[in-house]
Every structure is written in C-alpha cells, then in structure tokens.
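Next come two complexes built around chain A: one with chain B, the other with chain C.
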Partner chain A sequence: MTGRTIVITSGKGGVGKTTATANIGTGLAMRGHRVVVVDTDIGLRNLDVIMGLENRIVYDLVNVIEGTCKLSQAMIGDKHDYELYLIPAAQTRDKNSITPEQLREMCAELEKEFDYVLIDCPAGIEQGFKNATAAAQEAIIVTTPEVSAIRDADRIIGLLESSGLHRPKLIINRIDPEMVRRGDMMDQKDVESLLAIEVIGLVPADEQTIVAANRGIPVVHNTKSPAGGAFLRIASRVDGEDIPLMDLEPKNGLFSRFKGMVGMNGRAYSHA
Partner chain B sequence: MLKTGVVQVIARGTDVAFVIDENAPFDVVAGELKDYLSKKSGLWSKGDITINVGQRMLARDELAKIKSIIETNSGLKVTRFWFAPESLDSGDLKIEAKPTTDGGPAKPAAHNEVVLPEQAPQTSAKSKSAVESIIESLKSRQNKNGARNRNITEALFIKSTFRSGETLHHQGDVVVLADVNPGAEIRADGDIVVFGSLKGWVHAGASGDNKAVIIALELPSPRFQIGKFLGVAPVTAHRQPKLSASGPQIAYVRSRSIHVAPFAGRFARYNKGVPYDG
Partner chain C sequence: MRELLRWLFNLTGKELDQATEMLSKDTAKQRLKLVLIQDRLELAPEKLEEMKKEIWEVVSKYMVVDDDFMEFEVRRLDDLTVLVSNIEVKDLSDLTPAPST
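Entry: the complex of A and B
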C-alpha cells in the first residue's frame, strides 16, 4: 500500500490548521480509510486536545525520531471505532529537534500502512514549516477571508511551489455568510482570484467547532452542523469525490427565508 | 542510418527524416547537405521528406534555402519542418532558487527568495543559441530591409502567479503572464509588462532608465518605480477602484514624475495621464 501524505499549512497562525487536520482526518476515517494524523507543532501541541486524546499520550514524535520508542508505540488510537491514529508532538522540545529528512523517512514508513498521512503544520515559515512540508507530496492551505491571512497564504504557495510542492488546494475557513452578504467580508471569488489556486472547501464560522474542540470530539462527527458537514465534504473531495462547492447562505438571508416560505428544507448555512 | 557529420539521414521503413546538428552553423549545414545530396542523387530520386531542425531557430529565408537545396539536388519534396521549441521554455525561463548575497539581517527569509543568475538567464548552451539566433535573425532581417532600428530585447517571461515574498531582478524586460501579488518584487532594467493584475511592487528601468514603462491589464499597485522616480497612486484611485479597472494601463515618466494612462500602444503620445504623486 502507498498512502498519500498531505500537509495542512497556512503561514498565519490560528486560522484553523489543527481543526482542519482533525476533521479531515476523522472524515477520511469515517469513509473507511486507514488514517494517521501527525502533529508537527512541536512545543505547542494541540491536535491531541482537539481529538480528545491528550490523556493517552506516552510517547511522541520526537521520541520516534530519536529512536526512544517504536513508531507503533507513539500511535494513539482514536476513541471512536475508526482506523484513525494520532502521533502527538513533543511539548517540551522545539522545532529543531527533528529534521525534514527524518520526518520524510517516518512518513514514508507510515505510507506503507496507511491510506492517508495528514500532517498538522505549525504556523510560520521557519524550521517547523520546512519539516512538515518536506514530508508531504500534497498540500492543503487553510486561510480565513482576511487580507493578512491571504497574504500569508500567498507567500506559502510561493514557497511550496519553489520546493516542488505544486498545485496546493485551498480551504477558506470561518466564512461569515452574513458579513459576505453585506459586503464586509471577502467571498470565495475574491480569495480565489488573488491566490489563483483550486478551492477544495468553504467552512462557515460555526460555534459548534469550538464546542466540539473543547469536548475533544471533532465537529465532523456532527455532520448536521454547518462546519461538520463542510469538513465531511472536504474529506470526500480529498478522497477524489466530485462534490461541487456551493455558496454559503446567511442564517437570516433572503434566500433561506424564501425557502422557508415555500416549505423547502432550508437549514441555515446548509451547504459549503 | 547514414551519417555525414552534421546531417544525419534516418530511414525507418518507408519514412525518411533528415536530422540536422543543432549546433552547426547554418552555412556548414547547407554545404554538407548539398554535398551529400549531389553525391547520392540516385538514392533520393523520389519521395516526401521531413526536416528536423531541432532546437535551432532558423529564419524564414534559411528554411527556404534548405528546402531549395534539397529539392534541386534530389527528387525529394520537403513537406514538413520539425522544431523542438521545448528548449525555449525549460531552459530560458528557469528561475533559480539560491541564497541571496546582498540580503542584510533585515531579510531573515533569504532561503526562499527567487533570484535569477547574475548574467542573462541561460542555463544551457542549447537554449542560449536558440534565443540568440532568434534575436540575430530578427536584427539582421531588419538591417537588410533597412528598417528603422526597432528595439529587440531578450525578455524574461514568467508564466505563473508571482507571489508574496518572491523577488526578481532581470537585466532586461520582464513579461508576466499572470498576476503580480502584493508583497512580490520585480526589478527590471527594461520595461515590465503584466498580463494580469499588478498589485505588487515593481521597478522598471531599474538601472536608471527613465524611459522605461510599466504596462498592466490592471494596475491597482499603490506604489512602483520607474528609473529614479517613485509613483504613488492618488488617493482617488483607491477610492474609485473602477479607475484602475478600466482596461490596460501604462505608467511612464513625464516632466519628472510618473503618470498613468489607458494603454494605447508603446509609443503613443500620452497627454492625459493621471499623475501618480500621492
């Protein structure tokens, strides 16, 4: 078996890389794949918390790389009944504890056993970014519809291209459809025309995401939630399914009211 | 396969191709071909022939000369010329990533700058000869026709979005067939032409040529430079995005400041430009 190693990266911090990694990983596992997610944010690990696996950590990424433990010993099985595993980052070390070659080697090992290896990349363009991107053959870039996040995403795309990672895909996270409707937030077209790469998903701002993260159960488990549904569709697209992107609609927008009137099943933010 | 040095004759079944050495000078090729055919005229009494020119660029009259050599010295008919133009985009347009040498401590991200080789961007002798021979043939044709001495330059083509953090310095003209995004920097000793939206920072005539111009399909960039002059978009251009979205724009230096006007040709008279002085 040769799995696909995909890095989830952004440049700017706090835009939703870890959230996306947890949810796409879970989504792919829900679709029946063997998935491992790797947290490379050494020193600032989060992925374990969002996935509710913090209490089970014994060994971590740096232990594997340094040979303190076997690869399989650092893999923590998900709480749910899926073939989903986490390799947590070390919390007491820094980004220079591993090299790009070492991570590449480890991922090559994982690719033999898993369909998908997802790498949660730290923010920034320094060592941590270089480690995470060197190990992957594909990249997903997460941005929010804000100018600063988009500038950073543009920079990241340039860096990925110059290191041979071509055609990254884009997730636009935390879209507020009401603000877009008012013209106070960039929409998909604005972002797409600036970054000139393929959009693989639009995720609405959804407080369920935060509630789910606090509970340690990624929001994709709740497929009826706006963000959960969006992440499941992204996982399907990553998996090669052709699901068209749809406009997000505001909660109280004209369109959903209209739908309500004619008795259609108009749920707020019903697609992405 | 028969071999005469610079001209190879490859026969595969009923198909025949003449393959000409890419690096041999034209006169040598023509001479060899003529010798070969007149010696073996009996062999080539009838048939169609393809000529593979390889990576060399031949002027139209040179192609015609080869055709006539073959057709007068044999019974063959030249039906097709075959070029291998790939050398042009892979070789000449290559942007080499290398550590910058002049980046001070203020630029910690030196590793990811995109810098061109100091000299003209030639990575192989083959692509060099291809570009040079185009230019030479264009120039010589001009001289022959007694045409006005137009400027013919070696432009650098960039065919993908030029992104934030990417920098480039080219000692000639630069053409970008995509957008130049905010945070990107291009310096060209010649003109800069952007077939897309120019939002980044560019400097045309970077070695001091105030006659250089910047042309872009859209010019929302707030600041750019031509020669020693700095252009700063007037506040109204920001307030009225339509102003900058009304077709291709040209920026040029006039009475010691930069002006921007709708593009009407490289040498048009521009009277009604908007001064870009902030």
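Entry: the complex of A and C
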C-alpha cells in the first residue's frame, strides 16, 4: 500500500490550518480510510487539543525522529471508532530539532501503512515550513478572504512551486456569506482570479467550529453544521470524488426569509 | 460636482459617500493585484514603474498608443509565471513612429 502525503499550509498564522487538518483527516477516516495526521508545529503544538487527544500524549514527533521511541508508540488513536491516528509535535523543542530529510523518511514509512498522511504545517516560511513541505507530494493551502492571508498564500504558492510541489489546492475558510452579499468580502471568484489555483473547498464562518474546538471534537462530526458539512465535502474531493462547489447563501437572504415566511425549515447556509 | 449631486438628489454627505465609494472588496482586489505583482517579481515598486514606462516607450516608437491605458500584470498560467501587458493601440493606419514626446 502506498498512501498519499499531503501538507496543509498557509503562510499566515491563524487562518485555520490545524482545524482543516483535523477535519479533513477525520473526514477521510469517516470515509473508511486509514489516516494519520502529523503535527509539525514543534514548540506550538495544537492539533492534539483540536482533536481532544492532549491527555494521551506520551511520545512525540521529535522522540520518533531521535529514535527514543518507536513510530507506533508515538501514534495516538482517535477517540472515535475510526482508523485515525495523531503524531503530536514536541512542545519543548524547536523547529531545528528535525530536518526535512528525517521527516520525509518518517512519512515514507507511514505511507506503507496508511492511505493518507496529513501534515499540519506551522505558519511562516522558515525551517518548519521547509520540514513540512519536503515530506509531501501534494499541498493544500488554507486562506481566508482577507488581503493579508491571500498575499501570504500567493507567496506560499510560489515557494511550493520552486520546491517542486506543483498544483496546490485552495481552501477558502471563514467566509461570511452576508459580507460577501454586501460586497465587503471577496468571494470565491475574486480569490480564484488573484491566486489562480484550483479551489477545493469553501468553508463558511460557523460558530460550531469554535464549539467543536472547545470540546475537542472536530466539527466534521457534526455533518449538519455548515462548516462540518463543508469539511466533509472537502475530504470527499481530496478522496477523488467530483462534487461541485456551491455558493454560500446568507442566513437572512431573501430566499431563506421567504422560506421562513411560508414556514419551511430553511437551513442557515446552503452547502458549499 | 459633489455639491451639485448632493443638491440634485438631496443626499446627506454620508449617503453620497456610500453611493460613490467602491465596494470594499473591490478595493481589496485592486490593492492585492498590485502587491502580488511586486511579490511575484520581487521587484521594488519604483523599478516596476520604470519597466512599465520603458516598455511603453519601446512600443510607442512603432505605433500610436494610448499613454493612459496600459494594463500590466504578472499572472500564473499553470506552472508558468507570465508577464501580461495590454496597451491600447490608438491608430492602426499610422504605424509610423509617433512624434516624439
């Protein structure tokens, strides 16, 4: 078996890399795949708390690389009944504790056993970024519809290109359909025309994402929530399914207001 | 002009601002377009202006072109990065050099 190693990156911090990694990983596992997610944000680990596994950590990524434990010892099984594992980052070390070659070797090992190896990349374009991208054959870039995040995403596309990672896919996270309607937020077309890469998912801003993070249960488990549904569809697209992207509609759009009037049970957002 | 508009439509200053102002997302797009060109080229803004001017000068040696309408963009085409420039040709019948300006 040869799995796919995909890095999830963004350049800018705080746009939702870790959330995307946890949710796409969980989504792929929900689809019946064997998945391992690797947190490479050494010194600032967070994938463990987003997945609710922070209390189970014994060994970490640096332990594996340095040989103080076996690969299997650092893999934490997910709480749910899926074939999903986490390799946490070390919290008390720094990004120079591992090299790109070492991470690549480890992922090659994981690919033998898993369908998907997802790498959560740290923010920035320094050593941590170099480590994370060296190990992957594919890349997903997360951005939000904001000038700073888009500018950084563009830099990342250029850097990935020059390191041989071609045709990265884009997730536009935290879209506010009401602001898009008013013309105060760039939409899919705007972002696509600026960055010129394929969009693989549109995720609406959704309170449930924060609720899910509070509980340590990725929002994709709640498939009826707008963000959860969006992440599950992204996982399906990563998995090769051809699902069209749909427009996000504002909560209080004319149509849903009309639906409310005639007593239909309109959902908060249409699905992307 | 603004005063006339205001008088004509009996608008308050704020309403007029809103009516004449660009959508903020379009402002964002416009600003990003320029920033991305500079980032992609890794060229200083004044160097970019210089290059733009020189390209215009070269083209205007051979045909009559608009000195106002010039699009300049660095675009990604699959794995390639390309420089795209559109310059409006004003007069096709006269392809001799424009009088020097």
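FYI, the second predicted complex is superposed on the first by the 264 of 272 C-alpha atoms of A that agree within 3 Å, B and C clash if a C-alpha of one lies under 4 Å from a C-alpha of the other, contacts with A are read in each partner's own complex, and residues count from 1 in each chain.
Keep in mind that, in the parts below, contacts are C-beta pairs under 8 Å (C-beta built on N, C-alpha and C of every residue); 3 or more make two chains touch, one makes a residue touch a chain.
The structure presented is a predicted model; accordingly, all values stated were derived computationally and were not measured.
In the superposed model, A:A108 makes contact with neither chain B nor chain C.
Using the contact criterion defined above for the overlaid structures, shared-chain residue A:M186 touches chain C, although it does not reach chain B. In the superposition on chain A, A:S162 makes contact with chain B only, while chain C stays out of contact range. In the superposition on chain A, contact of A:I125 is made with chain B only, not with chain C. Looking at the shared chain after the overlay, A:L71 reaches neither chain B nor chain C. Of the two partner chains placed by the overlay, chain B and chain C both lie in contact with A:A196. After overlaying the two complexes on the shared chain, residue contacts for A:R151 are found with chain B and with chain C alike. Which of chain B and chain C touches more residues of chain A: that partner is C.
Once the two complexes are overlaid on chain A, the chain A residues touched by chain B in the first and by chain C in the second are 151, 154-155, 157-158, 161, 194, 196.
Across the complex, chain B meets chain A through its residues 97, 109, 112, 114, 160-161, 163-166, 178-179, 181-183.
Interface of chain C with chain A (complex): residues 23-26, 28-29, 31-33, 35-36, 39-40, 75-79. Across the complex, chain A meets chain C through its residues 146-147, 150-151, 154-155, 157-158, 161, 166-167, 180, 182-187, 190, 193-197.
Chain contact summary for the complex, chain A toward chain B: residues 125, 151-152, 154-155, 157-159, 161-162, 194, 196.
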